[in-house]
């Protein structure tokens, strides 16, 4: 599966470490979208019927299919609450963050 | 009748004679469109029925109404020959220039 | 409707220039209280050469891409100055309208600022020496779509400017041809009565670029309508209206063959042109018949 | 049709951003051999911040006005390099498409260069802080059309982008909404099969600019369709096709009142919105029913 | 709205434009200019400002619409930044050559690529040749005052040129500070309605934006050049009048600080100048004869005045938030040329910094003075504030 | 087509682009550039040149399309002039910062207002800060050769920058003269296919034209600046290789003429330089130690080389087909800055002329030398070739 | 010179509060600057804002590195590193439901503003409320000018409620305040 | 240095002829420049073109002020002023049906090229034909190179006919020419 992935941010100390031009390898992440969430989606696998509507509609693509169910990448979930509303079976609900 | 009209071209000898900015009084002509014609429209008032189609279609607007007939301003006629073709009565015909 | 005044006089356009006829007539309809802007193009290049100024009304050249925007500025400025009873007019070529100028034109219509925009269409960038524009017709040779042996010159069709403009929901739009000058004049008059933006797309043959004799401009401008290669129509109140629905089309071959820009075309190319024409007429068959 | 890959990930869009959903899904349909260009706007601003690159496929930011032109360049370049089996994709916001980008878009369609242009429409310049664009709807407050007491915010209607594009005689055009994501995905797939240029105008609510909760994006994106304020349609083979012809429209008032940007509107303003909607549906009543 | 308010540079400028009674406003959004336009839109909407706000589709159109309005004799305003300024570059030289007295606020911002929304001076300095008068301000108060003064300057009978007033992006545009907003009556006394004969006139029709062939084209440009030069004096008379009517003054094309007997003078533009002056004070306390010049006007360029201010210096430095690639900072180039012409043969150093929004700190400025004093610099151009090692030779 | 042909500068350039095997061409017509584009369209149509010709709708789009193609790794070409160059100003800095090695021919033409289609250098010189390499040629032969050399320079691994080659409008673009057209094999031996890792790559996806925040933005620009500076040397190595393979040479960033022992040196750009050199010969015959420098490369700017050439002069002059309103000619500003940095403290004079297509005659040049020799000039900027009296004081 | 750094999320009003504080300082006769961490603000994304207050003109417009006060609107944004960015004697003020002990440093002052905000504003917006911690702490920052600043620089609707909230926080934190004349 | 100025109208081919002349000079081993009076050419509008020929490199690219030859394609464009723009020994060549006397100056040489052009080209295009007057006059300008230049620089269709026309003019004006090998 192709997906941008987290790497350690390199400290730039020398010019030669920088690209010439304004280009860069695609799909490189160095920061989690941490601290964005007030509320956090909680997944209840028992209620999930695997319709994957939440997967389709998550703007951040942090819900992935896991067999017939799903899983959420909390490193990049922003807590928007769309998945909760989309899920017809109540298998996702939002909780206060922390 | 409003119409751009010929004036003597002023010789510019001092900066103060020039406009500040790139603007200028409208409708000032200093050059005749001389030397443009190979052929010259000749008007035969006898054949003219005063339909003023030539007046309408002359791209240079050099045919003006003169009572029921017309007249041609040879200072600005370019000899295109449109009037000859437009005139249904043959009241205009093209002749070699000079 | 048409004044005796000549507001466009002593200009340096080629003999027989269709564009200059369109400009001349438009101004004769609209009169002296017209605030005109034109971008770069033949109709400005031939008429603002210091100290020879061929426009007798107020006129200002716009940057090439800016006609629509200057019109809005003129309108706003005129309002700010408290002027009453005037027309804001933009006149631009096909290239200046359908290509580089379309952003500003689209913005103008979207704002619905009161003003009349006339595109005189000579079907190429003429002032710079006959390069293909978005309104160059299929088969025409231009200096950037040269008809070398085995090629057909421009293989693209004319951009459908009239319907693009109409799709904006403009207050008034029309097509015209300098070959039917009264029709054009009437449309200019109608446009001037509209509240909001209006637009006229007038076909204006260019002897120099089309390879015809200077005397043929009007004939050709009529023939393009009579062959159905150009249609005369209006758009207002959200609907299309066709001004002429010829029972029978005149011979396309004759129209094509008389023009230098098409002289390389073969019979099959002409048939293709006829096919495209028929497709267009199919599409516009739904237009209302005009008033 | 939709891959498991995520090509748009870890971006900095606001929570619940409709635009980012559109982008994500489009790329999931088109896949890794997609050459993407986007102009300035939220979808580039949130995803190219060195060294954090959220696109996993090839992507390049265009100058704001240049999306259509960069697409042509990518296409020509790919051909020159002998590439096979790839997509050229342009994704731009409503401002970047309908206003400053329309010249390049129009040129692209006119050239009929193969590529898919997607306009995600959040109905204002969002990246710069919610200014009115040509696609801002009637009645919305924006920072440049502020609803001060007694005013109604923006008094202009949305530019009719879909029909403007279709009037170009484009190979394929469609409207969509992120609220009906399968429909959108199917349209992206269809667009990718077309020879020549294709265009999709997808409505994509912006919680930040519209004044809704981040969780409401999808609901609102469905409601705008269900109320008839946005229609789902396609254009191909020179004809319009309507995808949904609701028997009954849902309550416009509910749609309007839930959004902060409309909260100043009075009942009569909502009635005006309904009137305008009905006019649109009158106009498009002639559209075919879609496949 | 008058009295002292806690507002941003953008807002202050908007207040100035309101007080100047701009009649037509056309602008296109771009960070960090947006707020000035938003505030004006609001004022128009609220009826506080009697002006026509044109919602344009791009910066090119913004400037062309402003020109149309100006051609009618109206007072026109627009604002932009960075890419937007470059997108209207064609219109800049157009409007200047046409002598349309439009005022534009530019929020200084770096130019792409790479993209950056942060402040440096590359946008406006790269268009120094466009024929506009260019002014740089230091704080929100000066922004407001110069919005008003700009019209007095632009519309001056002997000038008639567009004026661009530059505010450092974010650092001025988005920073809130106390600003005194004068009353409308006071400003009205300073600045009359625009009144020009050079406009499209229904009674006396005019051709505008004309073509001039080789016979006289150079002369039109000479006139433009001379008009621009006159602004070096006019900015002072305008400021004098402002002081008399409004009660505040900002001076002429340069703001000199302790230069009279200075050995080392650091030159800067815009918001950083305050910090430079405070460093001068520190150095003076340490016994170093330091001085500072803040250039308020880059075009016309105050060569003579600059030379006068630097005459006795042993060396000078320029802080350039700008780089003309393959050469040096543009302010520096201009300063050097003035020095050579003024026979002021002293070493000059270019400290290029603040590029793409890089902070320039007190320490950086201290360092600049040290470099000037020590003569230890290799070459005359130095990038400051970069901690990344140049390992490429 | 090879051997000696009687063609114009525009045509010669088109031949160079054909020989360089440009793969994508996108351009928009504007006088006096049109012919280069028309000839290329014809070659593509005739199948002589394997290239994709994109009919764009504006110059902004022309440059953006070229960038798209260049981003794919293709060799891209565009051409423009004057208003067209200004209309794409935003794209210039964009493409340069992105390090796309596009070659552009610019037909130097005056910029509006007033409108003029005639030649001066205001268009390209006003965009000197855009980050492009800028080259000026003197005749049609050099035009052809530099069209080819430009790609070698632009695509050089250590450079990777776009190159703008400037031809004087009409005077070069439309003037026919004998030009030697090398054979394709020879040029192929000189210039390989473009081969770059820096492109959109289906196997190794890339993000291009990215954003860089204040943390590192300055460093990206430092890299750009340094790459540009390297072109001062690379232009020579490229030319050496050209001489070896093609058999013709044009030298480095400067063309000096009898400067070694010259007392009076006149500096110029482009097509006027030949006339200047011939005047130098005349003066030498009269016993005056005159010299000439023709600047072939304005960016990067050959400061050191220039100073070396002027070191022994008693005064220098610059013929500037350019005026930065309210200041002076831009070439002059650059020259002065180089002189000051090079501790070359000599009087320098600016002869602004040729504006809007004004002819510069032998007499004008003679006059320039006389002015330099006599030191009789009031101020350092003088408009030449104007017979209209300045009666305004 | 007093330097205050604000931490919040896009939408929580940190920048607004930094301006209110600056305006209040101005009303008290000080010079002041307030500015955001420049750049586009995305809803939900962490952002900073700054207030600089001084008796004299302020020439330093750069980002604040060492603060007298760091104000954190949402404890999930708190990071121990912040302690290193305090000046000598500096304080960190956090809106949190947690105990002070949790943060393990006596330079950290905590208060549960959210609960009060939910009560009074019906929304968990604490940007203005948290100023109540400051007034008690710093003699230069008095409640009266903050009340005036809120009235002058916030829309009426929210101004009133925020004044009530602020008053409440001041009282809860033992400060003295009398907003009779103002609210 | 030989300097030739051409007068014609937009569409009459003056510039083409100036180039053919330049190319011919090049073929003969000279350096040459040819250029139009810059600016847009409008059909029918009077225009000028220039040819400069020299044994050495030509550095002067400015418009020709004093000419060795002035060639006028259409007598309606002739103006007495032109005589002042001739160098010592210079000549004006005019295509005209008029007698030489009409022009009243023996520096003016006339010939009716139009009539011949109508016969051979079927169009009154005299730009190339008029070169026939020059070949007789100037030893540096020989017919052979002009023939070659026409062949190389004009489209085949018109080249042949123009060569015939030119040959005819040369013969009529007493020049010697043999175009056997070429036409």
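Order as written gives the chain letters A, B, C, D, E, F, G and H; numbering starts at 1 within each chain.
Just so it is clear, a contact is a pair of C-beta atoms (placed from the backbone, for glycine too) under 8 Å apart; a residue touches a chain by one contact, two chains touch by 3 or more.
All values reported here derive from a predicted model rather than from experimental measurement.
The chains touching subunit D as well as subunit G are A, E.
Put simply, the chain farthest from subunit D by mean CA position is H.
Each chain's centre was taken as the mean of its CA atoms, and the one lying most distant from subunit C is G.
By number of C-beta pairs in contact, D-F leads over the other of B-H and D-F.
Spacing of subunit C relative to subunit H, judged by their CA centroids, is 40 angstrom. We define each chain's centre as the mean of its Cα atoms; on that basis subunit B and subunit C are separated by 23 Å.
In whole angstrom, the spacing between the mean C-alpha positions of subunit E and subunit F is 29.
A separation of 57 Å divides the Cα centre of subunit E from that of subunit H. Residue positions 31, 55, 57-58, 60, 83, 87, 90, 94, 97-98, 112-115, 118, 205-213, 216, 219-220, 222, 357, 359, 388, 390, 392 of subunit F each touch two or more of the other chains.
Of all residues in subunit B, those touching 2 or more other chains are 12, 15, 18, 21-22, 24-27, 36-37, 78-79, listed in ascending order. Under the contact definition stated at the top, the residues of subunit D that touch 2 or more other chains are 12-15, 32, 45, 48, 50, 53, 55-59, 61, 63, 65, 99-100, 102-103, 106-107, 110-111, 127-129, 134, 156, 207, 214.
Applying the touch definition to every pair of chains gives A-D, A-E, A-F, A-G, B-C, B-E, B-F, B-H, C-D, C-E, C-F, C-H, D-E, D-F, D-G, E-F, E-G, F-H. Interface residues of subunit B facing subunit C in the complex, by the touch rule stated above, are 1-4, 6, 9-10, 24-33, 36-37, 56-62, 64-65, 76, 78-82, 84-86, 94. Note for the complex: subunit F touches subunit A at residues 97-100, 160, 198, 204-210, 212, 216, 219-220, 222-223, 227. Considering their complex, residues 12, 15, 18, 20-27 of subunit A touch subunit F. Considering their complex, residues 4, 6, 31-32, 117-118, 169-172, 174-178, 271, 274-275, 277-278, 357, 359-362 of subunit E touch subunit G. Interface residues of subunit H, counted against subunit B in their complex, comprise 9, 44-46, 74, 76-77.
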